[in-house]
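Down below are the structures I want you to see.
One chain, chain A, appears in both complexes that follow, with chain B as partner in the first and chain C in the second.
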Partner chain A sequence: MRDSISKPITRVDAADKLSGAACYIGDMRLEDMLYAKTLRAAEPRAKLISIEYPELPEGYFVVDKRDVPGENRVKMLIDDQPFFAEEVVNYIGEPIALIVGKDKEVINKLLEDIKVEYERLQPILCIDNITAPPIYGENDSFADYSLNKGDLQKARAGAAYVYEGIYETGYQEQFYMEPQGVIAEFKEGKVSIYGSIQCPYYVKNAVVSCLGSAPEDVRIVQAATGGAFGGKEDYPSLLAGQAACAAIKAGKPVCLLLDRNEDLEATTKRHPAKITLKSYIDESCRILGLEADIALDAGAYAGISGVVLQRAMFAAAGVYNIENLSIRGKAIATNKAVSGAFRGFGSPQAFFAIEMHMEHAAKAIGIDPLQYKLSNLVKQGDRSTTNGILRDKILLPEMVDRVLEMSGFTEKRKSFKTERAVGALKGIGLSMFFHGCGFTGNGEQDHIKAKVRLTKDIHDRVEILIANVEMGQGVQTTMRKIAAAAMELPIDSIIFANPDTDRVPDSGPTVASRTTVIVGKLVYDAALKLKEKWQAGAASEVEEQYKYPQGFEWDNDSFSGDAYTNYSWGVNAVEVELDPITYESTIKGVWTVFDIGNPIDDRLVRGQIDGGIVQGLGYASMEVMENLQGRFRQRTSTDYIIPTAMDIPEIKSELMCEPFKYGPYGAKGLGELTLVGAPIAYALAVENALSINIDTLPVRPEHLMEVAADGNGY
Partner chain B sequence: MVEAYKPNDLKEALELLAFNDCTIFAGGTDLMVKRKRWSGLVPSFEKPVMFISQLQELREVTEDNGMLTIGAACTLSELIDNELIPEHFKTVFRQMASPGIRNIATIGGNICNASPAGESLPLLYALDAEVVLQSSCRKVELPIAEFVQGVGKTLLKSGEMVTAIKVPKSSFTSITYRKVGTRKSTALSKLSFIGLAASDEEGLQDVRLAFGAVAPTVVRSRDAEEDIIDMLKLGSLDISQIIDDYSTLIKPISDQRSTALYRKKACIRLLVDFIINSLAREVVR
Partner chain C sequence: MNISFRINGTNKNVDIKPGELLYDVLKSIGISSVKKACETSSCGVCTVLLDGRPIASCSYLAAKAHGHEITTIEGVSREAEILGSLMNSEGAIQCGFCTPGFMLTVIAMKRELQNPDEQAIKNYLVSNLCRCSGYEGQLRAVKLYMEVPQ
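Up next, the complex of A and B:
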């Protein structure tokens, strides 16, 4: 069933990245380039009474709100976030000004000598029981949505069992290997931004609005990007606007590259969530209805929280066919760093809640959780949470069977029970999940309207012109493979350089597991077109624009219809053993089966799976980020703990393929899906090992010690 | 910029120290991290820096008359590879930091950094190690528990340096070491525990217990250990008494790595496990 395109080739960027030749922002030295460092708020919520700057030596500049020629608001969904703070600051680390100059020592000294006077205001630091005046709007929410399907009253009336639970998940930092950074250059009336970014056109729109300049006077070029995971979706727009203002003021290129710990503390992270679920279940253990209340901690500014919330809401029912739904969602403003995009985008939180809920409900009723889940699975032709039709075959039952077999799940559940009786705390858990690929709702057809261009030169070389970026996931390789295969050309006759908005059309951002399935298909279609009009030795050009596939529909006001055109699916099992004295955990095994349609390159797919699983297991077990009085406690790379190779065993993974008709070679989305299921399987394994219920991520030994240790005083 | 010295031998180093108040730099794995600055800037040292990792006198391990002498500038990796170093030392060293750091971090540095979480310290406390301090005019030996005074505080005076650690060689019949870290590698400890016991045909002779990262300095009490030995000899083991004794000594804090409650409970549970599963076994032997 797998296509020959799946056969792996050497990554085109491998040599440069291994040898160190790849040019990241930290490697770039433009002529006369200056450095910038950020003056950041030291209070979570305060009025700025005064700022006293020291006398500046020649060639040094302060750049702040007074230096923004256009709108001092980062252009995003809701334009509430200033490039530089104005009257108030809303989180510790919020940028107030840049100090710009040639010598970093001098800049450091100047920063130390700035005196900022604050008048403290009562901050909002949690999402429950808010008493302080709102940060945003009247009810302190950036988004407040509800979604209804069927008739929940009917479900209530017919329920034999009602089960309710509250599930909480914490922050997660993307921890890309390369911190955020941009360089801005101002030459002959035109600003060029070089940046470690995911979304060149988001950055362009933000800079155009910041400078109040014509679109043609702003150019964005992606530099080699050392990982992003969503962290470089929205935040680079802020940095680029700031650096652009600085370059204009200084008349020289300005490099604004964050340090690791600065990045850790000030940039976006995964939204903490609190999700309440109540399910109504009939005599035969069918779920009749589900009520969900989702609260996301959005931080100080809106960012992309509204869309994250939508994705969380649409995933609230998990992989289960529930006909009657009532889902409420809120993205709540708090005086903490802005929560933003991170691989999964709201769905890891929602899937954790529903998977744990299903397990706990089954235990409470007294039935086998796995059977309960399987008997309620969604299948082809069923309706999604938003009443869209699930058109493609859903392979979940086969995938579950395969994971059970690979992991020895059933036998282990039995034998571990015996072993636990003699003190060995072993457990195994299994999760089922999906990821809707591409933008949520009407994003692709109404907002992004992706466009791609292919050009052919007189030497018959074809260049792919798209705005999507290589950030480690392998897009430089997969896009070349797709184009080469479609045109039956050798791979090295295809050119794909890092995007420059002066050269590439807007094919949309590199987010939402959309690049292969949406943009890849456009590249494929364009390649076929180019092949059709191919004339050896003649230059030519073709363009393709996204067309919403026929038969799909979406109404954004009522959140009804096809929230996504295609879904990828996953089943994961994780085995753990806990130390009976300290409750430290050791992950003994990880088994996965994913349906991502037809894989474009088996090795790149494997890389995404391994990376997503490790990131998910970190989220589940050790990535603790607490906020005390507005300040993150784990704010250095020493204290924010991500897994090492020693923490993860070999990951055994297989694919099952249900191709997507509108994806290139039947491919579907992949990148985000791989993170969603492992945290759940991990938590379920710990539950199994200790015979307790887990409802909070991360699962810390500190928590287990409190709930599971013997009651005899130690 | 500060002055930097790189003496050729110990004598020269001590003479330099006599007239210059220096920061002594061996592996630098703590000194550099503490002075981490904006990327691209040189770490700034307040005092002149003296590098000592090239001093051969500080890199030797010798054994003489039942006394193991470890040069202060021996790296953890060197100690792991050294034949004279007992296995239970290596168990501790192997769990410290990461391979790269173990290749340059030194045992002397770990002691002088005097971090509550310093991972060589519980072992050295339990073994009654002595720290050798040298200046151009004298050489003294201090018990490690005396040398380390508090968080980041030692009795090291200007003009002096730690040149070696002396550990009386003793053999133990039960050895337990547990580091509870934030992850399985490249981790600082939330807490650590070492339990040592020695017995012969006449029964249990010695018990040593030490806890790391749960108080400003390593927790070890000879009185409590002797009580345990007596209890076991008399066959009147009173676990709750032992727990009470250690509960007053173990005073952890909650911080970014763990909670006070967890640290305390885990320590007590490790202690009880050691007494029940190791000491009780020693007694029956």
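Up next, the complex of A and C:
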């Protein structure tokens, strides 16, 4: 069974996507549907003095804070973000009101004619040296954590070398091809939301609290979703609340679909980070201790920054076994769009910092960076950053060997050196990383407590009822495979429709690389139960709820224990060549080995790897998003550049497998891991090509030119 | 104003507003397969064929389609079936949002180019963005499709 589950099958959603029949929000037309467009703040921080609306034609509405029947706060970990701005605005693009009506042109004209008067306040636009009054709390942080392991004093005392560096990473926009959108409908006292979403129950909770209504009066249905990558984790809750208020006011369905420019300006992005690392290294080049300080630019509202920060902190030591740690983390409030989830969720930033740091430390000491890294690797039985035991075998040494072999790394490092002497700027870099799968810390066991249900009808068809969504990753196929294999049924006797909160239990959000490993296992267990009580021709139903596996421990106050139950691992190599005049890079090769446990479908896995790698290479090389004075410079898809088919060579990938005992068929998480390592390998390749040190992402040619001109090479 | 054009082989007469874009007109006559992602001719998601050539319907004045033949994915079913099954087997489909526009571009390329090499293929596809697939599966499928006898 283990091997046959990996054999690819036809995606169940392929036919509709190929024929164009798949129905996304922009394709849905409800009867009498109106359109809404958002009036957005034009100042990063200001008091709203007055808003003057033009006279509205019949059938057109303004919807704002006065139309929120319940709480005008999006329900989150910290409820600080209003659906519609109240007395102040805190970022450019913050929603103030909706204009709703039938004709989009009329709506646009009305929007142009609105006059908003602001009184400017001093904005907070960077994360260092804040002088303006805080946006949140006393120290302007949504989260401020520290984590200690061992005794850093000991490391300090025993150090023969001390190495310190500062690493910075920029924004990254998810750039799912389908912009965010929802449709709200109000019928007989009940609100239905159709949306391009990752987390139906997050949306439901937010709308219930926005409307102050009974939970049974709010229903969320996922529409076909054109990519998400974390971007549709929390932001749709805001849109859904707004559209619900509008639908109630107008008495007609309302479609709130962002255009690309709004989506770029106003929705969540990957947190920019500034990470300071200081390592204490002994005579024999063992790392005795590490001090880390992580600052994330969280934007104007808390969102999920605290959780992103935890993941970044727990990844701060990378794949290295470091006994003494002191890690400080802050998510700092600034007057910019809210930073949020994006594939990797804090770990791309943290792994970039530690991998570059290790490389630079080795160079400073005068030893081979790869040897330095390998001699400090974690292995089975070692303790994680949070002092949890790494229970499963860690295949990193074998994975590194294989990537070295596939990429010809060692020979290339040699031959490129010779070629560089005659002016060819070629380089190759290698990264090692992990991803803790499932929610961080106590998320799964204390907060989500995922529940799944399987029903069987009298025709012996089985339906999977879970809240997890198909957003391109293939969950509709993998879940069916898991259930079918467990019950030994043909795949087409399994049904799995897009979730509708009136029908599915809360199996949690579609995030954190948790769907296969956590929800998939529950589906598997439920399938076995259903099989046991199987009676042909009789209807039945089973449920399963998440149980924290025995032997694992987590203390959320001290951040100690098993931050994750399972880890996936990766090793990536990237080869580049730079133009000696412009310093623009061409990616010549990408090689990857991942351990994601037992793959549920080889072809879907391959798709996740390719997609994640390319997003990672975009993050490292071309996806520039700058915020100047509170305004993003890249506000259209012609300014924000993502990779095209031209930019990417063939990606060579292999898998190694250390199965996870509590995953379905031994599977572990996959989606996010694939983005983490490529940016680092790319940066290291450029670093190698130019014999410099790189400590900033994205790596920009203009910056390289400056460094090279300064003769600042390593 | 009133325009007439052929859409997937049938004649169509529609009243449009001056300045109305082809994407919106196609949506209004019930062609749901066409998607929109950037509205600035930079992603290829809204691609349709105008007399067999790919154009960005998000930025194309509907009035200019008067007297022309528009083809969407519904209108190329035979070619779409062959290409679609290759995309399927090569893992070129994820969220599906780019899929119809991408397929139309590929179908037009096959009609237009004889034995293109990899660089020529990538050149042709450079304006069709896909954020999910990393292009790998798409390119494998396209190469196979280009070899299918006409």
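Please note the rule applied: the second predicted complex is superposed on the first by the 706 of 714 C-alpha atoms of A that agree within 3 Å, B and C clash if a C-alpha of one lies under 4 Å from a C-alpha of the other, contacts with A are read in each partner's own complex, and residues count from 1 in each chain.
The working rule: contacts are C-beta pairs under 8 Å (C-beta built on N, C-alpha and C of every residue); 3 or more make two chains touch, one makes a residue touch a chain.
All values derive from a computational prediction rather than experimental measurement.
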Chain A residues touched by each partner, larger count belonging to chain B or chain C: C
Partner chain(s) touched by A:638 [first = chain B, second = chain C, both, neither]: both
Touching partner for A:56 - first (chain B), second (chain C), both, neither: neither
First, second, both or neither for A:259, with chain B first and chain C second: both
First, second, both or neither for A:78, with chain B first and chain C second: neither
Partner chain(s) touched by A:650 [first = chain B, second = chain C, both, neither]: second
Which of chain B and chain C A:705 touches, first, second, both or neither: first
Which superposed partner A:604 touches (first chain B, second chain C, both, neither): second
First (chain B), second (chain C), both or neither touched by A:473: second
Touching partner for A:20 - first (chain B), second (chain C), both, neither: second
Chain A positions touched by chain B in one structure and by chain C in the second: 26, 105, 259, 638, 643-646
Residues of chain C that touch chain A when the two form their complex: 17, 32-40, 42-43, 45, 72-74, 80, 84, 87-88, 91, 93-100, 103, 122-123, 125-139
Interface residues, chain B side, partner chain A - complex: 33, 37-41, 98, 178, 180, 182-188, 240, 243, 255-259, 261-262, 265-266, 268-270, 272-273
Chain B partner contacts - residues on chain A that touch it in the complex: 26, 35, 37, 104-105, 108, 257, 259, 581-582, 584, 586, 622, 626, 633-634, 638-639, 641, 643-647, 701-702, 705-706, 709, 713-714
Touch list for chain A against partner chain C, complex: 8, 10-11, 13-14, 16-24, 26-27, 105, 174-179, 224-229, 259-260, 471-474, 603-604, 606-607, 609-615, 636-638, 642-646, 648, 650-651
